[in-house]
Structures are given as structure tokens and as C-alpha cells.
Amino acid sequence: MNPIIEVIDLTMAYGDHPVLHQVSVNVAKSEVIVMIGPSGSGKSTLLRCLNGLEKPQGGDIRIEGQSLMSPAVNMSVIRANIGMVFQQFNLFPHMNVIDNIMLAQVQVRKQSKEAARAKALELLKKVGLTDKAEHRPSSLSGGQAQRVAIARALAMEPSIMLFDEPTSALDPEMVGEVLTVMKQLARDGMTMVVVTHEMGFAREIGDRVLFMEQGVIIEEGKPRQLFDMPRHERTKAFLSKVL
Amino acid sequence: MDFRFDIIIDYLPLLLKGALLTIGISILSILFGSILGLAVVLGKMSTSWYLSWPMSGYIHFFRGTPLYVQILMVHFGLVPLLIGQTNSIVAAVAALALNSAAYTAEIYRAGIQSVDKGQTEAAYSLGMTKRQTMRFVILPQAIKRTIPAFGNEFIMLVKDSSLVALIAAPEIMYWSNAMRGQYIRVWEPYLSAAVIYLILTYSLSKLLASIERRLEG
Amino acid sequence: MGKRTVALLAVCFVSIMAGCSPGSAGKTYKIATDAAYAPMEYMDKDKITGFDIDFLEAVMKEADLTYKVEHIGWDPMLTEVQSGDNFAAGISSISITDERKQSYDYSIPYFESTNMIMVKEDSPVQGAVDLKDKKVAVQSSTTAETLMVGIMGGDNPDLKRFDSNAVALLELDTGGVDAVVADIAIVREYLKNNPDKKFKGILDPEQFAPEFYGILLPKGSELKAKLDPAIKAILENGTYTEIYQKWFGEEPNIENVLNAK
């Protein structure tokens, strides 16, 4: 089976500070990839390259066979098919929860308002926030806001979901409710790339874990193997600090 | 100092008529100016140089030259070019709107840049185009934040409109100049003009404050 | 702001403009003025009035021409008359000078004037030359400015140019300058209105030669051939004298005006 995401020799630098160095990785359909590593290791940058929020200087990324580096690529079309969840939620503060979820459905997918509203309510039910539909984002807790953000991304019916440290900005007691939603999503067969510090989540849900440091994938493997029998010294050093 | 209230009373109806025109000119100018200013800033922030350079030049020109000169240029250059003859009120509105557009463009820019980058990224990640992102996500947030600055700009514009007396648009300053010309006196015409402007700008700032409060609530 | 409010404003605006734009029926000559120069031409509330305005009325009646005077300010008047597109002429106590003749045509002279010095009653100033090391206020773009530049030097910081005679006179009143130089009519009007202020006017025929006002016309204007005979006629038939007496309470020297070149 062809991989849904192909990353080939990806290289990127901010000025002369290298961020990614010849990174290659494939993601299969329905696979859940978890990226771990110290901050500044390039894992968030790699994730943001996957939907074009960062522009790499070299190498290639292909989503379902379509190269993102091709000058003819329509990024909006690619992005509509890739959901992204941010550390800071990034809900639109001037709109109600339901309008947050409806906006791109109506504007990008050209759904009717009724269809978009029905879809939004269905997703709110799925993340357990039906009663918050008419609330402003500012009245939500962090955990609730992040669940709305996930619902907003899912409303586009993407084939891939990217998560950029989705629980890092949450109070500890709210991490669980977000992870529950993500686990459900993984079980439903969503292709997911997750940058996180939640090692328990990685172990439980990840099909594969990548350990990155200084812009390079140092080691990758099944969670059990990488967490319990890391082969590389740097992986050991990192895990000993976080576990 | 002798102060002749009688000549102020004489001119009061005309000063008030002038005040109405000042209000009309100011409202139309801020209206056209803020629409034009939006177009200017969107052009300036565009990635195409053939849009951003001219708009950048526009802002530099109108912020960097005296309004006095701009009024004359519009009155004797632009307006006759467009409608075939001079018309002081059209020129007044056009000059003030063009000038104010340069300032409101910068107000918009500050507002747009104050919106968190994450908002743009979130919109992009949902597949929204640049244009959709600007229209549905960035501008609604930016414009709300610019309202206090717009209030200041409006008040400045009301005062700046006194310069159009130069081309004989019959607003407040025009009538006070007429009073000055008739009686060859300075204090009565200028002080009565100042009081009328003060009343206008004070009421305006109260009005704007209440609009801001309503938007907050 | 609601759409309806905006529409309403637009309607108001259009009607204001319509009120200001001149009717274009028939051949109506538009004459520009800067009506801020009492008693020569000034706004009496919203009516333009003054000696020049009455004089113009008599001339146009004599020449049998329809016309309309508009107060558009000094600089706009100069620009408009030079192009001649909108305004056929300007009347605004405009002295005939050689410099201005390079850009404009004039009617024959219709008014004799001179500049007058106004100082405090106890001032030692006797004539224009005494002003050389004094502080002097004038209105810019007037012949008073030109004359005082000749006497004091154009870069002399003690020569203060103001936007209007009213401000120049206030400067004298508040002690910022020692003298104002302005048209005799202006100074006399001021002295008449402010008898308690203890100012006096000084004439200096040697330094301040008589000047003559003319109607300002675009270069090559066809109007000159119609205005000149009419001006001559009212100077000679007594109409001019009547108007002059109405405004200045004295007899004009018709001979001087007629013989001026």
C-alpha cells in the first residue's frame, strides 16, 4: 500500500540555523505516528511542513502522491484535507463555537449552512460539548476549547490529522478529556501525526514513535521497542529525563 | 480687551450652517477614507509588488505632505480633471478622504498585525484562502481593535476640515474668515470657531466612548 | 451606521453640491473675488458686498452683461482667472503691477489707492524710510508686502507677513510689531472702527506711489473689449462718484484714475 504521507530528504533552516536535516519518513493510511524529542529538535517544524505552514528549502513532501513543493500545488486544497490542532487552540474568538466549526465547511467545502450546522452539532456531540454550541470560545476551559478545535478540524472530513502539542497548554486535570477524544479518533482509523510529551499516550495509541533531536530522526520504532529498549544513547538520555 | 458679542450673534446662524457642513464633510470623508484605507492597506500588505509599491507610495505621499497642499492639488487638479470644473465641497471631501485613507490604512495595518499569527495559521489549516482568512478571520478581529484609533482619526479629521476654508468651502472656518474680513477683527471669529469645534469634538468623543462601551459589552 | 443613514447623507451631500454649483443657463460670466477685504469686498453674513461689488454691478449693467460674483478666496481666484475655464474675471482690489501683467490681462484702472502706514499715536515714525529698522506687519501677496520688501529686504525677520490684514493689525495691537502697512481703505476702516485704540495713519507719497486697481482677466480675454468702455463710461457719467461717496464719504479723484496708464 502506498504511504499517505511521504517525506523525502526534507531540509530546512532559519537563516543559517538548521532546523531539519535530510529528514525522511513515510506514514501509512490509518497509522498513528507520535513524534517526541526535546524542544527545538525540529518535530513541530516537521509537522508544520506537512500542511505547508513552513516552507522547507530542500527535499520533498508528498500527500497522497501530490508534491507540496511543486509550484502548481494549490495549498488550500491540500490543507482542506489535513486537519491541524494547535497547542494554543487558535479558535476564532469573534465567533460562537458552532460558527467556528461551520465557517470553513461553508466557505471552503461550499456546504449549505444547514448541512454545516448539522455536521457541527454531530461533532460537538462526539466531543461531548453539545451544550456549548452557542458559547463564545472565551467562556470555555482549555480542555473544552481544544475539543472544539478538534471538532472544527474534523468538520472538514480530513484524511489526515496533525496535532502540535495539543495538551501542552492545558491544566493537568484537562489533559485526559482531550486525549480521550484523540484515542477515539485513532480507533476510528484516522491517520494521525502527533507531537506530544504525553509518553503514556504514545505508548498506548502510537503505531510508531519517532525520536527527533537537532533536526534529525535519531530513532524510530514501535512504542514498546523504543520506550523499553532504546538502541541509541541519545534516546536513552532523553527518555531517562522524561519518564 | 473689548469683545464684540454682537458680531458673533450676527454670524451665529452662518457659523451653525457652517458647522452642519463641517459635520457632513467629516462624516463623508471618514466614510470614504476608511473604505479607501482598507483597500490601500490590503494592497500594501499584498505579496504582489505592483500592488504593494504604489500603495506604500500612496501612504508616504499623503502622510508626508501638508494637507494644505493636498487640498489645493485636489481642488485645482484632481476635481477639475474628473468633473470638468472646480467644486469646493467635492474637493474638500475628496482631499480629506484621500488624506484620511493614508492614516486609516496605517490604523488597519496595526490592527491586522495585532491579530495573533495562530489565527491565520488556523484558518489556513482549514483550507481557507488568504482572501477568506482576511475577510472572515483577521479583519473582523482587527477592525474591532481599531475602533478607538478610528475615533481619534475622526476627531483629527473634524479639526483638519477647517483647512478647506482655503478653497472657500463654506464650513465653520470659512464663515469665521468672513467675519474677520468684514470687521477686521480676530478674536471674535476665531474664538467662536474654536468653541464650535470644541462642542463638535467633545460630543463626538462622548459618542465614540459609548459605542466602544457597547461593543465591549 | 445603517445603510439608510449613509443613503440619507449622500442625498444631503448631493443637494448641498447642487446648491453651490452655478446655473449654466445663458451666457453668465462668473467673476471671482476674495471677499475678505472690507470695505472693498467682504462678506456681510452670506452676502458679498463692498465698493468693488457695487462698482462691478454698475459696470456690468453698463456693458449689458449677465454675471455672478463668487467668493472663492485669494489663491483660488488667481488660479481660476489665469486658466479662465470657470471664471471670466476677478475683482478684489487687485493692484495693477508689471509682474502680474506677465500672467494676466487687466481692465483699464478703476480705483486709485495707496498704501498707508498705521502706527501708535505716539510713534516717532514719519514715513516709510523710518520703518527700516522697525518691526512691520503686512498681509502676504499684497503690494504692501512688495513695497516693504523693497525697503526692509526680503529676508528681514522684522518684516512679518500674515495671512490677513486682520491678524497683522492684531499683531500691532498686541505690541508684536511697531507698524502695519496696508491699503489706505483698510487702515481708514480700522481707524474708523477703533477710535479708542490711539492709532494713526501716515501717508508717504514719495515711497508709496499711487497704485491702481484693475479687473483681473485671463490673457487674451475677449471681455476686456466690453469692460473697458463700460468702466470709462461710469467714471465719466457720475455713477462711479456716487458709489465712491456711498462707501468712502468723499469725492474720488476721477482725473487720476482716467489718466493712469
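Chains here go by letter, A, B and C, matching the order in which they are written, and residues are numbered from 1 within each.
Note that in this section a contact is a pair of C-beta atoms (placed from the backbone, for glycine too) under 8 Å apart; a residue touches a chain by one contact, two chains touch by 3 or more.
These numbers come from a predicted model, not from an experiment.
*Asks:* On a CA-centroid basis, which chain has its centre farthest from chain B's?
*Replies:* Between chain B and every other chain, the largest centroid distance is to A.
*Asks:* Please indicate the chain closest to the centre of the assembly, with centres calculated from CA atoms only.
*Replies:* Of all chains shown, the one whose C-alpha centroid lies nearest the global centroid is B.
*Asks:* How far is the middle of chain A from the middle of chain B, if each middle is the mean of its Cα atoms, in Å?
*Replies:* 46
*Asks:* Any idea how many Å lie between the Cα centroids of chain A and chain C?
*Replies:* 79
*Asks:* Please report how many Å separate the Cα centroid of chain B from that of chain C, as a whole number.
*Replies:* 34
*Asks:* Mind pulling up the chain C residues that touch chain B in the complex?
*Replies:* Counting only chain C, the residues touching chain B are 1, 6, 9, 12-13, 16-17, 20-21, 35-38, 42-46, 70-73, 75-76, 79-80, 85-86, 164-167, 169-170, 186, 189-190, 193.
*Asks:* Please give the residue numbers of chain B that touch chain A in the complex, ascending.
*Replies:* The contact residues of chain B facing chain A are 116, 118-119, 121-129, 132, 136-137, 140-141, 144.
*Asks:* For a test of understanding, state which residues of chain B touch chain C in their complex under the given definition.
*Replies:* Going by the criterion above, the answer is residues 10-11, 13-14, 21, 24, 27-28, 31, 72, 75-76, 80, 85-90, 93, 165-168, 170, 175, 177-187.
*Asks:* Flag every residue of chain A that touches chain B in the complex, lowest number first.
*Replies:* Listed in rising order, the residues are 51-53, 75-77, 79-84, 86, 88, 90-94, 103-104, 107-109, 149, 152-153, 156, 162.
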